[in-house]
Each structure stands twice: as structure tokens, then as C-alpha cells.
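Below, chain A partners chain B and then partners chain C, in two separate complexes.
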Partner chain A sequence: MQRQIPISELSKEQLQILYDRMEQELEHLRSSLRTLHTAVSRLQRSLQCLDSLSHKEKGSLVMVPLTSSLYVPGSLADTKTVLVDIGTGYYVKSSIDKAEDYLKRRLKTVKTEVEKLQQLVSTKQEQYEYVSVALREKLIQTTG
Partner chain B sequence: MFSVASFLLEQNKNNNNPSEPSSSLVPTAKFLEDIDKVIEEQGGTSAVFQALEQLYTRYKILDSSLTRQKKSFQEKIPDLTNALQVIRWLQQRPTAPSQETGSSASEEETETTFELADNIYATAIVTKKDPQVVYLWLGANVMVEYSLEEAESLLKENLDGARDKIQQLEKELSFLREQMTTTEVNISRVYSKHLKIKG
Partner chain C sequence: MTTSASASIQTSYQELQKVQKEIGKLFNNKQILTAQLRENELVKTEVDLLDESSTIYKLVGPVMVTQDYAEVKNTVASRIDYLKTELEKVDRKLESLESKAEEHRKVLMELQNKT
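Now for the complex of A and B:
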């Protein structure tokens, strides 16, 4: 059963613990936010790549990566279809338009998550600052 | 390199004893046989204690830096082995018939799927030409064109170099751990002497 205890009733040790824990939570949330931002920029880059592929003609010269540092000259075989990695080892062959759609959908989902997380972070930040002010006052009270 | 109290370190003997391991990076810690003498010379247990702690911290920093280097080399090895495998496969494919026979293009073509972007793969045709060139990404925005043979020897060199470096680092690390143990023993002996003096 949860009882709401106003912050002013907490002792300074309890406030300190609360302060530290909130700081940790905030750090976790911020790092999740950073991961999501990376995901967003990677999806946007994939979209750009798809777009530039659609403008190339079949047979145009490309550098084909065979490993992360080894490239071989080759020519584009198919500029109409691509393979999309949808996770857990499944790949879907689809047209460029469908692939673009898929990426745009994923981008939208991630962006919504980013917004939700951003809101959560700002609420937590406010609470954190409130606790920090209360802690400081408690410290002044007991030592002053 | 280590600006630490010299009374804690072995002075560099010029390999009179080749069986004794030494290292270019890790200073050898001296086992303090006669603690009392050292304490007297340095004027008090806390001076000795501080010097020992400083040495120990430096050892710990060295440890983490060497471990990090070793890890980065270990990460490069699978990449290099993969690239070498690919080059060998490229070499083994039958070459295109020479121009003199006048036969029209029946070059060996392979269709490959390559990573266009994060989760998107596209197809391309790789033809075997003679001379076959490959491009190697050397890092720092540098990419160089190599013939197959040059690329193979470069990658092999890098791979062997990485393996050697890892072995070397492992030797340094084990020597370092020995020195750390010596220092730890010194610290505990000085500390117990300190307690005896006090109590």
C-alpha cells in the first residue's frame, strides 16, 4: 500500500538516497534517449541511400563492399528491388518504394518514442531539481 | 617514464641475467627485503607507504591501457581474416578469356548482395577482370587501390602484425601483474610494520 509522503518530512539521509537514485535514473533515461537519436539518424541515412539508388541506372559502376574494409569494383545489377533486413534473420525482397515506406514507418515509430522519452526526461528533471532544493534546505537547517 | 621513488624500483641491470624477464614499458618493482632499513632511509612509514601507493596506482593505469590496446588488436583480427578469405576467393575464380582469342565477353560474373545502408541490401554484378583491383579502406578517410597480390600481402602483414602485437602485450601484461603482486606484498609488510610501531 503506497502512502504519499511529502518531501519535507524526509530526513536528510533519505533525501540524499532519493537524490542519488534520481540522478541514476536520469542518466539511464538520457542514455536511452541518445540511443534513440542514433537510431533516428541511421534510419534517415538509409532513406537517403535508397533515394540515391533509385536515381542510378542499372549497370552503373559502384564500389561493392565485401567486408568492412575491402571493396571491389562492380556494376549495379538491380535498381528496382532491394533486400530489407526486418530482424531475427529475415530478409524481404521488395521494391524501392515499399522499402522506403517500411523505413519511413519505422522512423515515425522511433520519433514518437523519442518524444515520449523526452517528456519523461523533463518531468524527472523537474522532480530531481525539487528534491535537490529540499535536500539543500534540510542540510542548511540541520547544520545552521 | 615513471616518476616514482627510485628506492622502490630495480635499477636497470644491463641484461646480466638473461633468464630474468624484463620489459620496456613496465618498471621492475624491487622486493623490499629489509623493511626497517627502508623505513629508516626514507624517514617514516607514511613516506614509504605513500610512495608504494603511488607506484601501485601507476601500475593500475598501465594495466588498463595495455588491456585496451590488446582488445583493439583482437577486434581487428576477424575483420582481417574475412578480408583475406574474400581475396583468396577472388583469386581462385577463373579469369576472363584473353582478348587475342577474340571471344566476346564471357567473363566470369558473380552477382552479389551488398550492404547499401543499415538494413538495406542491394545487388551488384562483380566481374573478374585482369588485372583485378580491389580497394582497401585504410582508415582516416583514405582508400587505396591495390592489385590482388598487393592487397593479399598487405592484409597478411597486418594480420601477422596484429597477432604479434597481441602476444607481446600479453607478455607485458603478465610481467606487469607480477610487479603489482610484489608491490602489494611490500605494501602489506610496510603496513603491518607501521601497526607494530604504533601499537
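Now for the complex of A and C:
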């Protein structure tokens, strides 16, 4: 039961409200996009770590970070299995290969989400610009 | 006459604002619930890919506790069910609040047209 009203028929106040709302929406979408991008880079870093771990031998020396500035020497007790965080506090013991599969799977889903969101942002951006032009015209009309 | 009219406009405006505030709060709730549901669904897809032989830990405070595969599966499924019913509840509440806000808006418009 939604009525369609052409933007040119909206009053100045209505346009302003619409404009503000779209601005908020866009900002929200952009911040979601940023979050997804950080997720992508985190997953990629995990993949790199897995790769470098798979080349290491058992007993290799490593420096273990206790804090961001304090490290202690240690040796790798196991280079074949890792713990994977699958969310909501659950961790799974898995082989390097399986963990790699998991990360690649995650990366794929996040990347498709990024693409979807990017498309949404660009269409919203177009609509937003359209409304902003209409609003400016209205303001010129009423003041001039 | 005019003072009583402006007073009733004010009260109905305040009521509308109250309803809108509640809608905003519920909307935030809904977003949190949706995010949790999505996360649990992701966990479920991962758990479904595992089998009885895999070792699953659950982080409880600072310790990792081993979990039974079937138990994990059950917990995740029940959490998803719970979140879904909660989401439905919030949706229904949002719907009724939206119609309430619409009513308030109508009343307000009528009052404004009278003056």
C-alpha cells in the first residue's frame, strides 16, 4: 500500500528529512563495508600465518608475545594441527589443510558480501545525490 | 481555544516521540539479534562439516573446555531456534509500534490542520 510520490513534489522540509535519513543510511552502510574489509585482511593474514607455519619443523624456535612489547623464546610443539575459532566461543582442532579450507571458505563468503554491499552503496549514493540536487533546487526556488 | 489546541498538539507530539524512541530501541535490539543469529548460523555450517572424531573446545572465561560433538550441535541449533523466536517477537512488536506511530501522526496532522 505504498504510494509513490515523485521527488519534485515533496516539500522542502520533507526533502530535508529524506536527505538526512539517506545520509545516515549511507554512513551506516559505509561503516559496515569498512568492517568487512578489515575482516578480509584479517582472514588473509591468517592464511599467510598458516602457510608460514606449514613450512616450519617441529621444535623450531619462535618468540611468543606475552604482551605487545614483551616476548619470550619458545619452540613449536606441533606444526600439523591448529585451533580454529569458528565463532560464539567455539574452537575446533584441525589440520593445517582443513584450517586453510575453512579460511578460504570464510574469505569467499566475506568477499561476496563485500561485493553485494558495494553495489548497494553505489546505488544508494546515486539516489542520495539525486535527492541532494532536488533539495538544492528547492532551496534556491524558495529563497530566490 | 488556541491554548488548549496547542497543548493537545504538544501532548500528541510528545507521545509520538515516545513511540519513535521505543521503535529506535527495538530496532537496535533487532540488529543485535540478527547479528547473533548470523554468527550462530555460520557456526552451524562449520559444525555440520565436522564429525564425531573432531575435537571441539568451548571458551568458558579463560579456559578451553572440550565439548561433545552432539552437544555442540544441539546447543547451536537451540540457540538458533531461540534467536529466531526472539526476532519474530521483536518484529511483531515493531509492527504494532509502527502502526501506533502512524496513528499518532494522523492525529497530529488533524490537530495542526484545525489551527
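The rule is short, and it goes like this: the second predicted complex is superposed on the first by the 139 of 144 C-alpha atoms of A that agree within 3 Å, B and C clash if a C-alpha of one lies under 4 Å from a C-alpha of the other, contacts with A are read in each partner's own complex, and residues count from 1 in each chain.
Keep in mind that, in the parts below, a residue touches a chain if its C-beta (ideal position, glycine included) is under 8 Å from a C-beta of that chain, and two chains touch if they have at least 3 such contacts.
Bear in mind that the values here come from a model prediction, so they are computed numbers and not experimental data.
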{"item": "Partner chain(s) touched by A:L50 [first = chain B, second = chain C, both, neither]", "value": "first"}
{"item": "Partner chain in contact with A:V64 - chain B first, chain C second, else both or neither", "value": "first"}
{"item": "Partner chain in contact with A:K108 - chain B first, chain C second, else both or neither", "value": "neither"}
{"item": "Touching partner for A:R21 - first (chain B), second (chain C), both, neither", "value": "neither"}
{"item": "Residue contacts on chain A - larger count, chain B or chain C", "value": "B"}
{"item": "Which superposed partner A:L83 touches (first chain B, second chain C, both, neither)", "value": "both"}
{"item": "Partner chain(s) touched by A:Y91 [first = chain B, second = chain C, both, neither]", "value": "both"}
{"item": "Which superposed partner A:R30 touches (first chain B, second chain C, both, neither)", "value": "neither"}
{"item": "Touching both chain B and chain C, residues of chain A", "value": "83, 86, 91"}
{"item": "Residue ranges of chain C touching chain A (in the complex, touch as defined)", "value": "39-40, 42-43, 46-47, 50, 54-60, 64, 67, 72, 76, 79"}
{"item": "In the complex, chain A residues that touch chain C", "value": "83, 86-94, 102"}
{"item": "Residue ranges of chain A touching chain B (in the complex, touch as defined)", "value": "42-43, 45-46, 48-50, 53, 62-79, 81-86, 91, 99, 103"}
{"item": "Parts of chain B lying in touch with chain A, wherever the complex brings them together", "value": "79, 82-83, 86-87, 90, 111-127, 133-138, 143, 151"}
